[in-house]
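So that you can tell them apart, the chains are marked A, B, C, D, E, F and G in the order they are listed, and the count of residues begins at 1 in each.
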Amino acid sequence: MTALPAPTADQIWVWIKAWLVIHTPAPFQALVSIVCIVAAIIVVFASLFALTVLLERKGLGRIQNRYGPNRVGPCGILQPIADAVKSLTKEDIVPRSADHVVHYLAPLVLVAASFLAYAVLPIGRNMTAVNLDAGVLFFFAIGAASELAVFMAGWSSRNKYSLLGAMRAIAQMVSYEVPLILSSIAVVMIAGTLSTSAIVHEQARTTHGIAHWYAFTPWGLAGFILFMIAATAVTNRSPFDLPEGESEIIAGYFIEYSGFKFALFFLAEYLEMFAVSGLGITLFLGGWSSPVSFLAWIPSWIWFFAKLLVLICCFIWVRGTLPRLRMDQLMNFAWKFMLPMTLFVILSAGIWRFLPVTVAGSAALGAVVRWLVCALVVLLPYGTLARTLESGRKIEKREYRFAD
Amino acid sequence: MSVAELERLVAAGEDGLGDILEVSMGPHHPSTHGVFRMDVRLEGEKVVRLKPVFGYLHRNHEKIAEHGAYLAAIPYTDRLDYLNSMTNNWGYVLAVEKLAGIPVPERAEYIRVIVAELTRFQNHAGLVGFLLQDMGASGTPLMYAFREREKILDLFESLSGARMMCNYLRFGGLRVDCTAAWLDEVRQLVAGLPRFVDEFEALLRENEILMARTQGVGVLSRELAINAGVTGPMLRASSVNYDIRKVDPYGVYGRFDFRVPLGDHGDVYDRYMMRILEMRESLKILEQALRGIPEGPIMDPKTRLRGLRPKAGEAYGRIEAPKGELGFYLISDGSGNPYRYRVRPPSMINLTILEDMCLGRNVADVVVILGSVDIVLGEVDR
Amino acid sequence: MRTTVPFLILAVLTLAGGVAAMTLRRLVHCALALTVSFAGLAALYLNLGAEFAGLAQLLVYVGAIAILIVFAILLTRGGDDKAEPSFSPAGPAGAVLALAVFAVLAWAVETSGLAHPAAIPAAPPEPMRALGFALMQRYVLPLEVIGLMLTAAMIGAVILALREKRPQTPESPRSAAP
Amino acid sequence: MSALPTVEDLKAQIEASLPGAAVTVIPNGSPSAQHSLLLDHEHARAVALFLRDHPDLRLDFCSLVTGVDWLDTETTEKIKVKKMVAGPDGSEIEQEVEETRKMKVPGYLEAIYHLFSMEKKHGPVILRLRTANRTDQTHVPSLTPVWRSCEFQEREAFDLYGIVFDGHPDLRRILMWEGFQDFPMRKDYVPPADDSLAPLPFASLQRASTKEARP
Amino acid sequence: MADDLKELKIELSKNGIFTTTLEELYNWGRKNSVWPLTFGLACCAIEMIATTMARYDLARFGAEVFRPSPRQADLIIVSGTVTKKMAPQVVRLYNQMPEPKYVIAMGACAISGGPFRDGYNVLRGIDRYIPVDVHIPGCPPRPEALIHAFMTLQKKIDEQALRGESRPRHLHADAPSEFPVPEFGAHGLEPAQNDEVFLNETGNPLRVIQ
Amino acid sequence: MFGEGILQGLYETAKNFFGSYVEKDRLVTVQFPEERRDLPEATRQFPFLLYDGNDPEAGLRCVSCQICEKECPPQCIHIEKSKDKKPDFVGKPQFYPAVFNIDVSTCMSCQICVEVCPFDAIRMDNEFELSTSNRFAGLLYTKRELAKSNDYYRKIHPTEAAECDERRDKEAEAAKAKAAAAAVAAAKAAQAAEQQTPPAASTPAASASSAANGAAPKPAEQPAEKKPVTQ
Amino acid sequence: MNIPQHPWWTVIALLLGAVAFGITPLALAWLWAKVFSPQKPGAEKNATYECGLESKGDAWIQFGASYYLYAIVFLVFDVEAVFLLPFAVAFTSLSAGACLSMLVFLVLLAEGLVWACQKGMLTWA
């Protein structure tokens, strides 16, 4: 260790870690460094989970004209702790006919997979746990494990509803993983790298004080929206929460889980949501960078978490509003709308690169032309696909007649 | 893998449909609206058979009523369709009035209309909320519906003393008169309710997910609806113009100007919209009733409540309850308690065609279709 | 040591997964064990510094193939069927086949330059980018062929499935039987 | 509401169109004046179809089906019987003696159908079907094939009264569980002994849950 | 109640501060995170739903997490008439809940059969088969009454000891955690009650008066 | 079809979310138990027995006529008549309930007992915080728990109580007048008989029918009485 | 850092940490059950939940084929994505011709998808 980074607000966590590392004996420095990273990720995101659960319950409450939990501790902030204590001391039931080993492993696999995804998320400047060259690919590869975990949970419970839930879950996750990957490929194309830190650095550049976020381009915006829709589906959030569709299959794949194992499912579900939102931020919303240069003084990690919080709020908002889709509609939506749309987003991103930056010597005109063309490449198929999505069944606004 | 095994697999592949999963949905299920059960056979998620099973709330209403006095049955009718005690009361007292030939003062008839239409409004609002809950809308529409329902229940409480089990109507009139202040409160509420219906419609009427989930789902043809004795908004969604308030006007319904909305498709969306449109029509009736309510007694002083002994005979009285035709059939043998007391429960009979609507559809559709039937187990099982 | 200890661990894991996949009695367990084996293989790639290959292995095998296998099991025999005893008549034949494949592979590796460490070229500074260039320039034709094959595979699957799709009566004869 | 013929006219119409059908008018003494028609078993379904499909009647909507239990009744009547009694002189003479005779009128179960028309918007027409007795001959023809709406209600009458509807597609218990053996809505049903109200805090609350119907 | 408290205090001092804090934490966690089972039977269920709705908002107590699966629920609110046809299912659901589990009998019907207790198919109180923690009279009880009952339950939880003989049932290794499910007989449920559960205040089984 | 319906819905919920911070209508929670809504006067929960004066035993209005016991639909009232009699508010000797139990675990709060009571002796309470873990003793209300004073009644049902008090005052006055008249009549029989109209409509039996007839207010219909000099 | 650090050590540590994060509370819960609140399994309690009824028939049944098709199509697109990724990384420096060949690759697959769509195979049964 040659020098500590400057202990600015931006780099405070990096500085603390470095400080800890240089004050440990040399043989343990690597270990301390790793432990720091791992502990930080686990502590931060586990507490974010607690916070989000509370936020969701209170936010839904507000949407529904009520308060939500507000009696446990000041304003109800201790509610998640009470829930944790309760879950810890709850009896653990494993159904007799269940496959005990798989039943036990499923939540662990799910939690492990959810945590692993954070390894490649840059949560601040110089704050990526593992700067892999193929970071984005790593993220998706890890995501594959959660599908299996869900299947393990649903199948091993040997309950009809849980099996239905598991089948739903896999079909859904599998179908939406494709658009999720494809929409991020558009970003990879333009950024020219799979490394998450590099992608963020790419977006942190500014022109005229405005950052180069990919969400500020037509294909990026479309890609972001598609990405977030797919992310909602992959993480089983409303309106894609079919695998645990309470009104139909009771509690879905974790119907037979009790005690803390159930809490782990809950945790993993939220962790996945954070992770995939984090990736969305990294890919499209400039990661830890500020959108305009005059706000660059705000520490990078605050930017990241602020964006994450906004996305979480959107998830809650959507959950508070929309009814759930049906399985066939969900699948149709994935294969007949999302997938073609992401392909067009890739096309649009390709065109974006090949279009000249200046047209007739004017950069402004060039920008406008580029914008329009790329937007059209996305919007036209959107119009047609939206129309033909339900071509088999006519969905329409209706007028009603009255008899006197 | 042996060849025989492979052949077996190929054969299974030819078969291709997979096994039939027999699931019982209910009696404890979040969206069976109580202790209702459907024995469902699923192929994947497709329903290939569905048998409704009920009786889990069969609490012997009819037997108890046959053992009690005519008056004592009124609080029990509250608990039939426990969301709509006022209309249940009305159905019963109408039957008794027919059986014993009891006249009802005009003011009482007006108040009956007011409470019945308020009841209809809150039932429909609640139903729409529950229906969307079944579609997975995480409670928000239900919360809004109950927000308004509470306002109506407050009025019921200050009128009759109870929120749900009003026990308010009496044969020959009402238990207590309403005050002018109460009527003013109703007027105020009725003025505010359209805003709620607007909000409700804005929230979800044109929502693509809702339309996709409900349009073309659970289609009930006109002919089947009539033959199966389906009544209420469900019947009208199948474009049958049959509303007892129009066809066989009871009380003072003949005096009000209102329309009967009709659906053309007979699917869940139409049933959903029937409720919303009927809420608006109810508000119209309420406005007229509140304008036209006369002064006067609410009860003929000659009417005997305690110890009523109608002449031997029988009578069938029916009203348009929020869920359909609610009828009460009474046989008197001249004694102080009915010899036969029978309820025609609309939601039970509307369930007859549940299987017809659900076959070939998805599990998720089943709960939505069931939700659109609008059942209350207290009435189905009695 | 640094390279061999992890290698050994991973190799054992992979092999254990494979053996478990062959011997476990419940088919779903076998599939899960196979997944462990896949994951172990991916980890081996990663251990060798082949980041892309390792992650792609995870993505495709753990993410897709494993799911496919699991589905296949559930589609054909439900979940509870026990696997047959380890030695079916086809067992020895399988063993012979496996040996043959191993022999061919061993021969190929031994005769190629890869067997000799000196021949391994240094990894390019940006392996992914280099891979992309190679794919899009030198191997563009194979790529298109792969595309065609994938399409063909999809069409084949659809055709197979299409045969199974037949008019369905609400009460199929099988469900009528008790 | 379009005009509906009176029950007498209906009876005449039915008997004219369906030769052999025996229809009895059962008058109703209450102010509601809803009189009903008693049908015979053989022609019940034909009559139902006639009522449903007749272009002027179109009673397409069977609103209510219910069972009623009429208990065995004992009527006592005094009749004059000529009897040979011992005369004062020891010989037998014929003499009119007044004698009270107990007549046991067998009870029966009754299924009652209330018909309306959705097309013509009139009603009700009330049909009655009676079983021969309450014990072993409790069959009546089912009208479910004519009106689907009878399906559950006939099942209910079967469940609670034990009326067996011949021709019903799925006659099972509907409200009580399979394996329940009684017909609880019958007037003489007595709940099992262990089913008393106890242990309530005060014993006199033992109400007439087991009591007979009041006369 | 006072005796219980005293006993509790003595017990606490015996076990030292560690148990005390642990017990407090345990009770605090349990009482503030009571997740009810989504389970409604009849009229009272509507008032139960109303309690969770905006006007009354049971969520303030952290109890709006209605879990549809008994595995994840802590509390079963028996809200409405338990019929004989339904009783086995209720008992089974209760059995399938993990410990610690609580029962609120909401409304007259759940307590005693209420107005319907004369019915041939009505169970005269769910406490014949499962132990009930809190009874709420009313037909149906107002939402406020349910909140009050909920607070009563919270208080009850709060007063439970972790150690000692007075500790609640679920902490006793030999106390049953599931109760026999009654069976459908030819005329009624068999048995008509569970003598181990249906006790009077003195802890003696209540016999059915023949 | 392009998602505008979804956006509209999102707008509605957002309006409610932000509205909940500013608008009373969008945050309707009443934070029971700290906040309570005023119960409407008509609210009924369980019956209680009214007594006049300060002594719940002596002032109890119930005369143990057992009409409510008979009419109670769920049969949750249990009355045992006393052997002796005690004078009621008009001084007439009446029976009183030796035992008066109400099983609130069965009561359906239908108010029929109140309707049929000819003596204004039973009324509906609005107390609802009654949850208990004591199944039997906790839910069986005896005479001691049921007896509540007229002041309490005035507090929870002011209008109804005022009406009731007025009626009873009249009855008491009439009875007093009658007694006085009887006393006077004993002295000067002929003169007094002309002046006094017997208050026929105010006998308990008559008010019974009034209560049964839907408690229709009818004091106005009562024959105007000459106010006798009292006190 | 002066110590050579393979990035995968962090990943492995994170994996271990995550598993520990999952196992620790489970162990605590187990400990709690051991010390205070004994596990009480029972015939009824550990039976399969099915809406309050006894579960009839096995849940592990043969499933319909519709799921399988989706898995295959997913596999195809997963593989496609794997080929797309290196292309995407190199995209900025690729010639238009190379991009066109990738377009052909994509179009081939898209065509297959459209064909499957038209055959109605992607309509959930």
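Methods note: a contact is a pair of C-beta atoms (placed from the backbone, for glycine too) under 8 Å apart; a residue touches a chain by one contact, two chains touch by 3 or more.
These numbers come from a predicted model, not from an experiment.
Student: What are the chains that subunit A and subunit F both touch?
Tutor: Per touch definition, common to subunit A and subunit F: B, E.
Student: Which chain lies at the heart of the structure, taking centres as C-alpha averages?
Tutor: Given all protein C-alpha atoms shown, the central chain works out to be B.
Student: Determine, using the mean of C-alpha atoms as each chain's centre, which chain is farthest from subunit E.
Tutor: Of all chains, C has its centre farthest from that of subunit E.
Student: Taking each chain's centre as the mean of its C-alpha atoms, give the chain farthest from subunit B.
Tutor: So the farthest one, by centre of C-alpha atoms, is C.
Student: Can you check how far apart subunit B and subunit E are, centre to centre, with Cα atoms defining each centre and the answer in Å?
Tutor: Computed from C-alpha means, the inter-chain centre distance equals 31 Å.
Student: Determine the centre-to-centre distance between subunit A and subunit C, using the mean Cα coordinates as centres, and give it in whole Å.
Tutor: Once rounded, the distance between the two centres reads 28 Å.
Student: Quick one: report the Å distance separating subunit D from subunit E, using the average Cα coordinate of each chain.
Tutor: Chain centroid spacing, subunit D to subunit E, equals 45 Å.
Student: Can you pull out the residues of subunit B that are in contact with at least two other chains?
Tutor: In subunit B, the residues touching two or more other chains are 12-13, 16-21, 23, 27-30, 43, 55, 58, 60, 63, 67, 75-76, 79, 140, 143-144, 147, 150, 165, 203-204, 206-211, 381.
Student: Mark out which residues of subunit C touch at least two other chains, giving numbers and ranges.
Tutor: Touching at least two other chains: 52, 56, 59, 63-64, 67, 71, 74-79, 126, 128-129, 164-165.
Student: For subunit A, write out the residues touching at least two other chains, lowest number first.
Tutor: Residues 63-67, 87-93, 132, 134, 137, 155, 158, 160-161, 167, 170, 174, 177, 192-194, 246, 250, 255-256, 259, 320-322, 327-328, 390, 395.
Student: Note which residues of subunit E are touching subunit D in the complex, please.
Tutor: Going by the criterion above, the answer is residues 85, 112, 117-118, 120-121, 124, 184-188, 192, 200, 206-210.
Student: Which subunit F residues qualify as touching subunit B in the complex?
Tutor: Touch list, subunit F to subunit B: 1, 3-6, 8-9, 11-13, 16, 28, 39-44, 71, 73, 108-112, 115-116, 124, 212-218.
Student: Sort out for me which residues of subunit B touch subunit E in the complex.
Tutor: Listed in rising order, the residues are 27-30, 34-35, 55-61, 63-64, 67, 75-76, 79, 82-83, 142-143, 146-147, 149-150, 163-165, 377-378, 381.
Student: In the complex of these two chains, what residues of subunit G are touching subunit E?
Tutor: Interface residues on the subunit G side: 36-38, 40, 42-45, 47, 49, 51-54.
Student: Which residues of subunit D touch subunit B once you look at their complex with the stated criterion?
Tutor: Its residues touching subunit B are 1, 28-32, 34, 60-64, 66, 68, 112, 114, 118, 121, 123-124, 126, 147-153, 173-177, 184-185, 208-209, 211, 213-215.
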